[in-house]
Amino acid sequence: MSALASNTTRFLADADALAREIADGASIGLPPDYSLVAMDVVRALVRRKAKDLKLIGVPQLGLCADLLIGAGCVREIETSAVTLGEAGLAPRFTAAAETKSLRIIDATCPMVHSGLQATEKGVPFMPMRGVLGSDLVGRHPDWKTIDNPFAEGDPLLLAKAIVPDVALFHARWADEAGNVWVGRRKELATIAHASKACYVTYEELYKGDMLEDELLAPGCISSVYVSAVAPAPRGAWPLGVPLVYGIDDAHLLRYAQMAKSDAGFRQYLQEFVWNATTPKSSSPASSRA
Amino acid sequence: MSALASNTTRFLADADALAREIADGASIGLPPDYSLVAMDVVRALVRRKAKDLKLIGVPQLGLCADLLIGAGCVREIETSAVTLGEAGLAPRFTAAAETKSLRIIDATCPMVHSGLQATEKGVPFMPMRGVLGSDLVGRHPDWKTIDNPFAEGDPLLLAKAIVPDVALFHARWADEAGNVWVGRRKELATIAHASKACYVTYEELYKGDMLEDELLAPGCISSVYVSAVAPAPRGAWPLGVPLVYGIDDAHLLRYAQMAKSDAGFRQYLQEFVWNATTPKSSSPASSRA
Amino acid sequence: MERYHPEELLACVIARLIGDARHVAIGAASPIPATGAFLLKHKVPALRISLLARRVGNPFTEGSRELFDLAGQGRIDVFFLGGAQIDGAANINLVEAEGRRFPGSFGSAYMYFSAGKTILFREEHSPRVLVKKVEFVSAPGWSPPEVQRRGGPAALLTSKALFRWQKEERRFLLESVHPGSSAADVRANTGFAYDAPAQVPATPVPSAAEIGLLRGPVAQVIAENYPAFARKVWGAASSPQAT
Amino acid sequence: MERYHPEELLACVIARLIGDARHVAIGAASPIPATGAFLLKHKVPALRISLLARRVGNPFTEGSRELFDLAGQGRIDVFFLGGAQIDGAANINLVEAEGRRFPGSFGSAYMYFSAGKTILFREEHSPRVLVKKVEFVSAPGWSPPEVQRRGGPAALLTSKALFRWQKEERRFLLESVHPGSSAADVRANTGFAYDAPAQVPATPVPSAAEIGLLRGPVAQVIAENYPAFARKVWGAASSPQAT
């Protein structure tokens, strides 16, 4: 029997139920702010006071990491960057980094992708060109330099396989078979394939089986990889879901402002996380989904 | 300037014009019978008496390879298998193999995928598990065994990067920007990414730019990879295009029967290749597209 | 006792061999393994069956590499392989034999290592197929300890008999002989040496309940994906007929 | 002479630096490189511009790894990188400087090797940014001969000046100084040593035709993707205003 317990997708009640599945100490593969972040589960993780998480940015992170770091849920982070994009530096990440209260493993985007693709293929590493000579190389615990076995004097960097305990993201649809639709956000498929468990919130339930639909199938991640799903309408807010709602730029700016101080951050949590009933404002989809 | 001349997709008149772009001696990455084969171009290659082609099966081949081999267009073939599926052995391939008139490099499916993915990532090889102990290993010129640099006494096989000169396949749609839609047939994307040039016939022209459509984009191959496209309605016949027309099983059986002898094969060419005006019969899409 | 088709008996054996697997993948041109898997699914609805032969609604969205990636991830519990030749060390040959060329190795050299277990299946039971030593090893039945290997052979099923693979001994054990054959017939038609008990049990024949399922809902789903096979076994429109 | 915005001058320099490239990729938060690329596209319609910042209709269908795969395949001719620090050896630092933490290296350590050429762009021109030696090498400006490297630095553009990278000498050469600055001002505000001609030319200012394009069709496409920047430079609804 397969050790990967993702054979039959479970349907859970809500983001809080999903958050309870993610154990303290788990490593979690997470997408960037532009790529279907399961923000409702992130808020639920803060509410359930998750501890010692390791966040893996695929390949970079934004608001979700800053929230979890600020709330004290994170022990370690491996990522190519943490940024709020147009809203500037991620304040709680920056503060934690500057006070050295967070273990940071700095990576670079394609090494993260390759490390996950190695796991996707069941191989122990993938080779990469470039990167050599960067100070990232000496500091990263899982990278190794070898000589290309097919050529003389051709050093290559190897990205060791990355195996997240959990893949966590949001989807446009889940269907009744447990498949989820993420469109062109294929980094989510790579995370799902490489992770031991995969939790997905969804905007809307799709009646039927999307894999039977030739137009929808190419944007799907098959239920074979999906441990459990839960409904979370507007669950990516204040981030966006293409064609449904756009990034709430004003809210991101407000967050960036409030989170500059620890006190401001506490107030933000009070308003938008602990008090989960706050209505989610959002920009219309048509503007910039 | 990039050496890959695929920046702006050219729109050619027909499959014969595409076939003229494929030089004698070219290595061509081709999909299996179930995955959007550009049969009209294959027939045009026979008509233009292409020579010394190297066919690369991604990961296996069927009718297109048998036709090209029978017509004397092929010098070498690298593939995991050649089969007509339910119609049985590929007769011209089998005859050429048994008379040793064709160089055959036997591969196994995931090694072909990994070799192309290596080129896709710009790396010289990809490691694989399994396969060791197969007689394929000793005979294949481009595979190498190494010890896993991350562990003791853990031999691994390396698939050297495969770089086809040409990717050739059929698409459900091409759009006005030169993007092509292949749905879930992602092996075609891997071939396109890894090849120096990419030629695609299409069933229908899609007005507009499919990359701007979030529902169609996930099944697209971007025009950045596509050298030229040409219209070829029912261009995959007697193979199929999902939702448009199914595999013409009766025709495949007829081919398999005729191609058992060289004379029968010549007659088949006369009827279905040299005489290009023969109407393409086909089963309705609804049955088994 | 109800009469049954030989294919139905083989499908019942396949269902038992799949056992407690969670995910079975079935290649093209394997209607009997597919029939066995769908029969088992009636007892174990959570069983996931990935039919690679499906022309529409294929289970994969990443193209043809997804099967191999899934296996590499450890997500395929059972796979089926055949062979132009199969030998007593469970090596299989899909490439060339006696001067004849066969289609090729497909993904066998990888799947035999990566799937949780592999059931070898070949209807023809003859010394030509079941040989002492294959002429070409497409995929080996055994690997030395330093080679990482998740799975390997579990059994060999033919039209005459079921062999169980003995991993430690690296030999087949004749587990049962199907009605119509005999231990002597099997011995005469097998080119490799194998172990056998003094009394070889008979392969259990399909129960009435199994036949009911096979000719009802299973035949229906098989007819969708392997119409020629379904017509052959169960007749036009897959209406069942006793042989 | 028509008045121009400083961003317009920088965009015109960028357009010239892109030169005869076929495919330029532009990361998030790079409105000036994007403006320069779209300006050039009016002269060279075949120029392909992949804007990574696009929230809808993003050019990729393979997720965020496609940019890096494209670069690895040699299909990206020009890329842009900045830095919290940039040094005289064209090393860039996106991680940490003077006790402050920055977002991180993103894909710089790969793209700097794999894109055909990289234009370093940072508006701030100060000894704090342009340092003798970066505190952390996110991506090196130079690699030893045994390291395969398709591309590397081509130029460094700031709000004050344009430096050309001299590959053999592994040093910057001051190519031109923008109006409003001077060779002495540049020297005083640059923390690293560089070469300079005796007479440093002035950076050409935008022509009337260039300004027309920038404030017309270019402003329109930029406003779609970088609305805050377009408002800042060209005002509400991207209606152009002279500074």
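For the reader, a short list of remarks on this structure follows.
Going by the order they are written in, the chains are A, B, C and D; count residues from 1 in each one.
We adopt the following convention: contacts are C-beta pairs under 8 Å (C-beta built on N, C-alpha and C of every residue); 3 or more make two chains touch, one makes a residue touch a chain.
No experiment lies behind these values; they were computed from the predicted model shown.
The chains touching chain A as well as chain D are B. Without chain D, the other chains remain one piece by contact.
The chain with its Cα centre farthest from the Cα centre of chain A is C.
The chain pair B-D and the chain pair B-C differ in C-beta contact count, and the higher one is B-C.
Between chain A and chain B the centroid-to-centroid distance comes to 36 Å (mean Cα coordinates, whole Å). The mean-CA centres of chain A and chain C are about 40 angstrom from one another, to the nearest whole unit. Taking the mean of the C-alpha atoms as each chain's centre, chain B and chain C sit 29 Å apart.
Chain A has residues 110, 117, 121-123, 128-129, 154, 184, 186, 189, 214, 217-219, 242 in contact with two or more other chains. Taken residue by residue, chain C touches two or more other chains at 56, 58, 60-62, 68, 72, 114, whereas all remaining positions touch fewer.
The touch graph of these protein chains has some other shape, matching none of line, ring, star or complete. Contact between chains, as defined at the top, is found for A-B, A-C, A-D, B-C, B-D. Interface of chain D with chain A (complex): residues 28-29, 55-56, 58, 60-66, 68, 72, 94-96, 99-114, 136-140, 142-144, 146-149, 228. Put simply, chain B touches chain D in their complex at residues 1-4, 6-8, 119-123, 189, 193-194, 209, 211-212, 214, 217-222, 224-225. Across the interface of their complex, chain A is touched by residues 110, 114, 117, 121-129, 144, 146, 148-151, 154, 156, 158, 160, 183-184, 186, 214-219, 242-243 of chain B.
Touching chain C in their complex are the following residues of chain B: 32, 34-35, 58-60, 79-83, 85-86, 89-90, 93-94, 97-98, 106-111, 113, 117, 128-136, 153-155, 184-190, 240, 242, 246-247, 288-289.
Of all the residues in chain D, the ones that touch chain B in their complex are 20-23, 46, 48, 50, 56-62, 68-77, 114, 116.
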